[in-house]
Amino acid sequence: MTFRKTDEVKVLRDPVHADDRVEYEVIWKLINSRWMQRMRRIRQLGGAFMVYHTADHTRFSHSLGVYEIVRRMITEVPDIERALNEREKVTVLAAGLLHDVGHGPYSHAFEKVIGEDHESFTCRIIEENTEITEILEEAAPGLSHEVADVIRHKSANPLLPQLISAQLDADRMDYLLRDSYFTGTTYGHFDLERILRTLRVDNDFVVVKESGVYAIENYVMARYHSYWQIYYHPGARSFECMLEKLFQRLRDLRAEGKMPPSIPEFDALLSGEPMSLEDYYVLDEYACNYAFEVLSRGEDPIAADLASRILDRRLFDYMEDSPENREKVTAVLKQAGYDPEYYLTSDDVGQRVYIPYRVSAGNAIRVRLHGGEIKELSEASNIVQSLVKGKQLRDDRIYYPKEIRNLL
Amino acid sequence: MTFRKTDEVKVLRDPVHADDRVEYEVIWKLINSRWMQRMRRIRQLGGAFMVYHTADHTRFSHSLGVYEIVRRMITEVPDIERALNEREKVTVLAAGLLHDVGHGPYSHAFEKVIGEDHESFTCRIIEENTEITEILEEAAPGLSHEVADVIRHKSANPLLPQLISAQLDADRMDYLLRDSYFTGTTYGHFDLERILRTLRVDNDFVVVKESGVYAIENYVMARYHSYWQIYYHPGARSFECMLEKLFQRLRDLRAEGKMPPSIPEFDALLSGEPMSLEDYYVLDEYACNYAFEVLSRGEDPIAADLASRILDRRLFDYMEDSPENREKVTAVLKQAGYDPEYYLTSDDVGQRVYIPYRVSAGNAIRVRLHGGEIKELSEASNIVQSLVKGKQLRDDRIYYPKEIRNLL
Amino acid sequence: MTFRKTDEVKVLRDPVHADDRVEYEVIWKLINSRWMQRMRRIRQLGGAFMVYHTADHTRFSHSLGVYEIVRRMITEVPDIERALNEREKVTVLAAGLLHDVGHGPYSHAFEKVIGEDHESFTCRIIEENTEITEILEEAAPGLSHEVADVIRHKSANPLLPQLISAQLDADRMDYLLRDSYFTGTTYGHFDLERILRTLRVDNDFVVVKESGVYAIENYVMARYHSYWQIYYHPGARSFECMLEKLFQRLRDLRAEGKMPPSIPEFDALLSGEPMSLEDYYVLDEYACNYAFEVLSRGEDPIAADLASRILDRRLFDYMEDSPENREKVTAVLKQAGYDPEYYLTSDDVGQRVYIPYRVSAGNAIRVRLHGGEIKELSEASNIVQSLVKGKQLRDDRIYYPKEIRNLL
Amino acid sequence: MTFRKTDEVKVLRDPVHADDRVEYEVIWKLINSRWMQRMRRIRQLGGAFMVYHTADHTRFSHSLGVYEIVRRMITEVPDIERALNEREKVTVLAAGLLHDVGHGPYSHAFEKVIGEDHESFTCRIIEENTEITEILEEAAPGLSHEVADVIRHKSANPLLPQLISAQLDADRMDYLLRDSYFTGTTYGHFDLERILRTLRVDNDFVVVKESGVYAIENYVMARYHSYWQIYYHPGARSFECMLEKLFQRLRDLRAEGKMPPSIPEFDALLSGEPMSLEDYYVLDEYACNYAFEVLSRGEDPIAADLASRILDRRLFDYMEDSPENREKVTAVLKQAGYDPEYYLTSDDVGQRVYIPYRVSAGNAIRVRLHGGEIKELSEASNIVQSLVKGKQLRDDRIYYPKEIRNLL
């Protein structure tokens, strides 16, 4: 079977990739579906937009960017181009575009509240009779499940999930470049062109030619620096901590039958029951934010206070996490009239620069040496090996209201 | 008197200017005020973010950018540095930062609904006892009115408004660069460094040295191309037309006592009465957007339909504006069951590349020739003169639902 | 017939185009020929490298860049891809690569000395049994003449010369971008991607879709600004004037039998006889520059002085060209002991922003309107029309040694 | 005493730093001296311009760039600004500008021939009565020796040499950025702005604030990647090997009294005697290259062949260095009629990512932790520590004519 093309190539301007290009009608319809358009209302960065004031880019743009990198992989990397038939190509393009369609607002902070991860929602949206399911099934019966299978890492062709989700994949490549562009940090730059040029396929595995190792080392460092400069930035984490505390307070209030006015969809969210897709659909960052505005004028002083802090960006301060520090801060909070349950939170993060999976694992980064041998990246790169063996960097902190700082 | 400095220079990363730097405490407090933080919830581009999917940048970032260009003008341009005392410097920095603080959501589409322009709100917010008024008055009694006077073009020192709002000013310079960066169009680039280097002050007027004329020509062309590629893009205008029609419908429904559920603040908005600042405060793009979500599920079919189109980006189509076309589209709409009152709208735009004000007008662009003579730009630049004398470009269109296109 | 491919695509890093990509063996051999390698020893910019200290880029790089734009035109523009057979494609690729191979040192200043233009040398080098002729003929008998025919605008297929040399061609596109990158001026930027995307072929003519007009306007302005900021910069012209005067002095000395020592190839150069290709080959900027070093220590005081000025960048000063100014400077020069024959020179330049050729001329820029009609650019663009009708900018100057300035 | 300023700030466009700015008259005169202008005729990259065809940038541009970074250090870093008096500032600016003025052509390949390193020539040029000595002494008696002392690491103020030549200095910072820009590789990027912002002075030592560690890690990686991708690139090394072999041949021929014609200055170069500054002055890359052209037509077949290879970029091929490989290549060379003395060469390179000097050493990179303690970089950065402890990367190769490859 053949997939229908659009009349002419659709070109969407995207500063990260110059252009995103669409030529399959099914992709064009997906982009214009309401679930994809909803992605415009969810930011790419959980809390880091509070640190980098220009970083308001959305999961919609990121999704298009992942699609575009997949598109380049399947057209510009000859080995991949040859390894896939047209149906597989359309499948992986759609999977790239839709991989985040189930994301809720404010990134991972929200997932903890809802108790269901975004990948589960993504598969439900793709397979459970939404407009997206219809578009996919109309293009080819069975396609919706094949797309979801890529996201579930269950594809018949093991190559497909590797393009979307591994350690060297279109998802990570796009977000490193995109977050770098929109935050204005230079750390996330790496040489996408060179990486694409050195990709090969070897026994159903994506591998990198030895001459591409420098570019991969750069990419690994870009990830590392982006984690510490953007995703783990204390300001970003502080914002996410406050969100968590607010939702915790709301859940407790609801359990006690004292839920203050906000928006109706918050009831479904806080009930602990599985959410319907339609309730989930409404819960974008716009709805949440409006709910915060209502809450900030509401009767519960703790919820109102936390909501105001979120709206007005009065971020919690932080110090090193230790039993003594927790104790000290708890005491001061109590003394100053704050309930530590909602005003003290810990957030411990750590990141390995790179995880050396076995060379046969789907998400290992594999290097093909000049002689043809395949090695896992940390065995092919002195730099990466040094980093893997080095000490892991950790950053364990507690967060609390800034105004008590002088009492500590 | 002396204005207090922050402990160390505060540096905000901004890809458009590398960094925004703050050293006055009063500026830092203004940035952290809730009215400024509200600017994070209002996009810079009215409808163009629907055409350029990465253009979600906010008025908050733009405000910081204008501040930063003003800061560079008053520190890096020796003539300006010398012409202002510290109080005037702080005044114009604050005015740059606050010049858009009264902006409502969705740019100009919203102003038509509310019947009060954003500059009026800006001055009210600065002068009417808000947190911002307090911050300014605490720094120096009388400062709030001096800042508002810059925005009203009534400053004692005529130089101040020229830095913020003329034809060659920090506001325009920032938005051209910023909109270019975030849309990914290259048209808005111009050589800010060179322009700053060639600015001089001559009898209370900002002038450009003759050697800077090329950079100014470039800037004029950048404005011209940005208008047509971004602000007047048919997709952007289509989105704004749909917003206008939705608000028109709501006003009519309210007048008939049939207003469907949305959010409480819409009632104040549609009443035709002057809005309180607190109601205005809530009306950011997040609140409006949530209201659209509620409306899209409401009982009035026209309001629900228009709200859905806005949320799902189902843009109106367009054709040239002419009596025949209006007539034809009106007939088809009626026949297809659409009320032309809410489904047909015209939008006529035109732009001169550059307006040659008298050389003595505040907003003229003045060139100082090698010999010292001051000329208005179009007399100093053959290119600009040609453009001023050339035909004005107009683009007059009507917009209507795409689905009737086949019936036309 | 089929042209042989290289084992794998050869990729040359080029910051202007990310990469230059080569896949035909004949192209690869041409790049590695000694005549092409000679291009590494001739700068792209005549005298402007004396104004922009980073602008040492060579005609070798420019030639690869022109090749790369041609390559993108014939692969990425579907209409062009379809309009050409493989032999025509290879022909136009080779013509793009070789179009400047006959260039002498220091751009146009040198052509005046030698009395034969670089295009003539280019065709001789391609057709007269050099290594280049052999490479071409080995790839396909007759190919050398077909390549030269493109450069002579005599191709059987009229499309070919349009890609290399018209008003919107790979040559101009590359040098605007390249000179902008290496000088660090921003004026030469234009949106190459968009232009490529809007190119079409209509009856053997390259045309631009109406939606590309903004990008073309930008390109026309980029040309205009680059001319004034780079090519016509008084510093660049001053350097070229001094070169001319030095060669004039040498020619006169040789005629009188008083030629001072320099390098042997200067004798052939100054003889007025047609030069052999082998003598011409040696005369790169390295040889000339060494000759200037020898001359600067030589016995003729005027030649030694002019050569020193060139080496040490002691540029002539300038003033407006007028009979009175010429007279005044001549008088002062004589009085100060300088021979005006060698120390006063005029250089009058002028440039139209764009020349509106007939729409049927090979080098017109043609726009295809939405309805299909073809118009010449200035009829399709208000901006360009204004510029064409406006006054032409001229800059007529005389140049003389800086040290007499105080006597004027 | 006060140093004279130029009438207005002189601004030289430089894409690497936007602008290079000069305001001291003594600096302006140095830039315009013939020894500095000679730097325009010596490329920044020894052999790498043969690999990266756009990398023709010169030591003149690099010198201006180093000057510019020093200028920013002494004006924008408050601690450094305060630590130096005006004379020290002018001294270190001049030292930054002049640090490479004694460089000969083709980087380090040439130093081996001449037997005197470029730093020695630099100090001679600064101190031995050249135009440069005069300019410095005229500005302030004794200044020439103070400038040379900075280059010799003998300054009274130990801060001065740290700015020019340490592991984190203006020289390295400029060449990483510059070589990255002109080669088009992205590997050399690092965040200069952030590094400048986090520099402090602590007990006469330049230190970096802890919050700048990420930027320094990035800088260290940029150096590492630039070494392998640019400076140690096999193509670059091959070119330098051929240069060495050619000079070795010429020295041997001269010793035997069989020196073929080239240029007179080669005689002084090959004599083994210390060179006069005037002979050295002439020996720029232009003179050498012309000499190669003469040699390539000369009578000694080996010198002629090697010179042709250099001119036409027929690079030697390479393989791993090992006793067996040397033996094998030697045998094949002899058999094919090549003298291994001039056609086989080894080149062994290795680089540590970073060298952890003692914290008290001038060229250590020092980090000041939040608490005030000073640590050497590898103790403050897990990443750098991992790299220091990891295996050193080495690349040991032999180089030989490509045409014998098939015989191996």
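A, B, C and D are the chain letters, set down in written order, and residue numbers restart from 1 in every chain.
We take it that contacts are C-beta pairs under 8 Å (C-beta built on N, C-alpha and C of every residue); 3 or more make two chains touch, one makes a residue touch a chain.
Small disclaimer: the values here were computed from a predicted structure and weren't measured.
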| item | value |
| --- | --- |
| Shared interface partners, meaning chains that touch chain A and chain C | B, D |
| Of all other chains, the one whose Cα centre sits farthest from chain A | C |
| Gap in Å, rounded to a whole number, between the CA centres of chain B and chain A | 32 |
| Inter-centroid spacing, chain D versus chain A (mean Cα positions, whole Å) | 44 |
| Distance from the mean Cα position of chain D to that of chain B, given in whole angstrom | 50 |
| Set of chain D residues in contact with two or more other chains | 18, 185 |
| Residue ranges of chain A touching chain B (in the complex, touch as defined) | 12-16, 18, 32, 34, 37, 40-41, 52-54, 56-58, 60-61, 64, 181-185, 263, 282, 284-287, 289-291, 293, 311-314 |
| Residue numbers on chain C that touch chain B, as the complex places them | 185-187, 189-191, 214, 217-218, 221, 224-225, 228-229, 353, 382-383, 385-387, 389-393 |
| Interface residues, chain B side, partner chain D - complex | 11, 18-19, 193, 197 |
